[in-house]
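Below: a set of structures, written as structure tokens.
Both of the next two complexes hold chain A, though its partner changes from chain B to chain C.
After this line comes the complex of A and B, so read on.
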């Protein structure tokens, strides 16, 4: 097993699930987590721990969230827990138990949503994530031309990310021929600014080529269709039922 | 819709995603967040509607879980609960404002456009902070209080430099194309 960026290579049940189920599940559960009470938070905490075990992802993958959560904890702790009267100044305030409890609940919710998102990124390849997202925008294509074009924009963006990554790597290699990457912050900033211009020019050239190809192939406004990316299996159905049940419980406890 | 502009919008959204990913994959490579530079550039190069559309695509992809935002967990709906989410919403509005002001080739239009874009970016960022404090945490807060928490003069100076950089890069690209 090995990790590449945010994805963790493994062959667990979660890795094999339909990306549409993972994208939809993450979106619905994240929304419901903002509404649910402590019972829902306990259930989600236990379920998240179970999912981490099932997915064979190591806990160190979640370590990157520590700093952000610490910062958010301080922000919500001070914003909700520190109170002062209107006639007094900020420094003459005191800690409020109710406010601190509110901050703890807020941080708990955020930790769970961030944890679910991190797990999602660890068990779903970036391209699968993108295609899963586009799938949910596909129904919009029947609403209006603009919506269809927005869905097309999402797909094109996902196709361009690896392509522009390759272009950036080529520009980077060309730059490295000139000499080592500077160590000082100021010189590195200047070098980055120098690289942005050719990267954007090449990217725009690619876009123009694509635009011409689309026109040549008879692209008509609003004629975008997504394609199926995954055969649904029995495991996906069971996964869907589990997410549905989880969501209903969060809603009941809201 | 202009197909050429549509493809260019997707390129800008992809550049934003790629930069967001590079910031957390190779932090030693990129010394500062250049995302705002691309926001202003999208307005300068694509115009108001397409620039805003490109930023909206970036935002939607990030909110649905694609790891394209600059800080952990890099994507997902949890970002809505972050007090700084307003700045991400501001990207869409800032790109629109820059595009509205700019006329191709005009340096002064580029400077004023990017400056107003920066103001709109902060307006969205600080308003969202107010919403979080007032409506989510039910705290009595004033505009001065929000400014004290959310407006860091040193960061604003950094954003002004980024705005200047966007003007320079934008003019260079318009000239060379």
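After this line comes the complex of A and C, so read on.
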């Protein structure tokens, strides 16, 4: 098995990095990419290519972005590149070189953000993503218990989705075992709708079980704290310095 | 009833007797309508409401998959410790110790979903024991595990015995005999709470799973077996490879009763799913009645099969018992079942008054019977049974065994991790390990391979 949903199994440096660094790095760099000029975009493009090589992820993982980027390119091309004067109608307009250049830059930024996000998903397990995100909510818990609740909600959702997927598959099998699966799409849709009620019932049951398990381990409202066993290694420090430097350069070239 | 620290109590009773309700009352998940629960500590009596129950009572359920809350093994072990108020450094120290103790060292950052059922249950048990509860409830916590995994959990429990009172809710008479006292619950009332030996003498029929020897003798009379002169093969796997989860090159005769045993995660269920067409061979092929199974004809081939999923009672999708069994036969919900339907329900030990009851209101045994009745409705040629006796009391097990073993002219594939379930009725046994059939023997010869079965974690 090479991949599981968006994750690509490998043991590269990027795979082993602290998830907090990866989540934080992605958030900061994505934000700065919206500000930086062409120098920053060139630097990020080269860095992204380097990271793809280091992470041992195949280029075909990024193929899924092509279709979306194509449509976004057309949208931005038309939105920024096609101009018309105030007194004229839309179809009396013309292509603007400056507008097209602006669209190219916009598409470049978006491609880089998409590329970094896709790479992040390929080298970070969903659970680690959740823990990484939750970590950044941890300081907010001293301001409000709602932050702890939200962090817990986030991690529980990430844990609950695979369980629900398994339950849905079992309900689907239970239905297939009954036989007489309809041949028309309309009737099939109706059959699938009928499975929603048992799925909801079983989801509620599983949610209740999960709640009881948490109570049995002493969870009290607002008391959730993130726990990561990952101890910072030298690699994480170097990673942090690299992301910091990268961010500063993007900021300088804004 | 009373329960002391350091004492192991076993709790037995029929499905629906109230065992889980008692466990939930003790764990504080529900409150009693009458009466009270009290904790006596150093001569002081504390009302149950005033006690931090999660610190006093640990609760472990049946299903390993549904009890983990941590995103990683480390978080699973650390979740309760953090709630105890320990700082990160202390928690980290305890976690590294615990992972070493339960043999999960090096897997701290792995998701619990990547562990086997046995490892997961061991993880949950260790996470609860780390909170050092005074009492521990195990609600059929060992029933889904093979013998090896059970032994590893029992080892943890034995270590914790001095400091912890334990309540083992079980249908396994062998396990119950190891307790200090045996509580017998009948219709919501405790009818016995003494020595296990005395309790078994007084309530033998309700509590004991049929002894293997007696079972063999009784059920062999029911057994039909394959026709010896028949050389046809109803199922043939030709060098079939199911995405590396299962590699198989075997065949089965019509009317044969095949027992499939092996440890958890060995590939037993995949064999059944391959027959039903839920998973298709990536390499090689499976022939059903001489026809190669593929995605185009799997629907047609399935019509001659019945399948009872593992924990089938949990996945009943009909709005009533009647709708579950006679799915698609009833356009409108009749007020009462027809005479023919009533007869069919009776054959499977389901009283007619339950026909309009919603499946979630039935007991575990009743639900399992409903699932079996639904699978048999189409008179299959091949019946696939995935642990159909799991979680059932002795009486329900016996009645379902009788039902299954009396089926004639039907090819049966029966998956179990307890060989004793099928010894009296099976013709052949397959032992599955790591996705391969490592042993194929006639049931009469099973004694010659006893050591291999035991080594593999099969109860026998």
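One rule holds for everything that comes next: the second predicted complex is superposed on the first by the 224 of 254 C-alpha atoms of A that agree within 3 Å, B and C clash if a C-alpha of one lies under 4 Å from a C-alpha of the other, contacts with A are read in each partner's own complex, and residues count from 1 in each chain.
Basically, contacts are C-beta pairs under 8 Å (C-beta built on N, C-alpha and C of every residue); 3 or more make two chains touch, one makes a residue touch a chain.
Note that this is a predicted model, so its numbers are computed, not measured.
Asks: Could you look at A:188 and tell me whether it touches chain B, chain C, both or neither (first, second, both, neither)?
Replies: The answer is first: A:188 touches chain B but not chain C.
Asks: When the two structures are overlaid on chain A, which partner does A:214 contact: first (chain B), second (chain C), both, or neither?
Replies: Both partners, chain B and chain C.
Asks: Which of the two partners, first being chain B and second being chain C, lies in contact with A:206: first, second, both, or neither?
Replies: both
Asks: Counting only touches as set out at the top, which of chain B and chain C does A:130 meet: first, second, both, neither?
Replies: both
Asks: Given the superposition on chain A, which partner contacts more residues in chain A: chain B or chain C?
Replies: The partner with more contacted residues on chain A is B.
Asks: For A:177, is the partner it touches chain B (first), chain C (second), both, or none of the two (neither)?
Replies: So A:177 only meets chain C here.
Asks: Please indicate which partner A:79 is in contact with in the superposed arrangement: first for chain B, second for chain C, both, or neither.
Replies: So A:79 only meets chain B here.
Asks: Go through the superposed model and pick first if A:6 touches only chain B, second if only chain C, both, or neither.
Replies: A:6 contacts chain B only, not chain C.
Asks: Shared contact residues on chain A, chain B side and chain C side combined as an intersection?
Replies: Looking at chain A, the two contact sets intersect at 130, 156, 158-159, 163, 181, 197, 201, 206, 210, 212, 214-215, 219.
Asks: Could you list, by residue number, the parts of chain C that touch chain A in their complex?
Replies: My answer: residues 27, 29, 52, 54-55, 58-59, 61, 65-67, 69, 71-72, 74-75, 78-80, 82-84, 88, 91-92, 95, 108-109, 111, 113, 127-128, 131, 276, 278, 299, 302-303, 306-307, 309, 312, 314-317, 319, 327-328, 360, 374-375, 378.
Asks: Would you tell me which residues of chain B are touching chain A in their complex?
Replies: Those residues of chain B that touch chain A are 1, 3-15, 17-18, 21-22, 24-25, 29-32, 34, 37, 41, 45, 53-54, 56-58, 60-61, 64-67, 71-78, 80-83, 132-133, 136-137, 139-140, 149, 165, 168-169, 172-173, 176-177.
Asks: If you look only at chain A, which of its residues touch chain C in the complex?
Replies: 125, 127-128, 130-131, 155-156, 158-159, 162-163, 166, 170-171, 173-181, 194-195, 197-198, 201-202, 206, 209-210, 212-220, 223, 225, 227-231
Asks: Which chain A residues qualify as touching chain B in the complex?
Replies: These residues of chain A touch chain B: 5-6, 23, 26-27, 30-31, 34, 64-65, 67-68, 72, 75-76, 79-80, 86, 102-103, 106, 109-110, 113-118, 120-121, 124, 126, 129-130, 133, 136-137, 145-146, 149-150, 152-154, 156-161, 163-165, 168, 181, 185, 188-189, 192-193, 196-197, 199-201, 203-204, 206-208, 210-212, 214-215, 219, 221.
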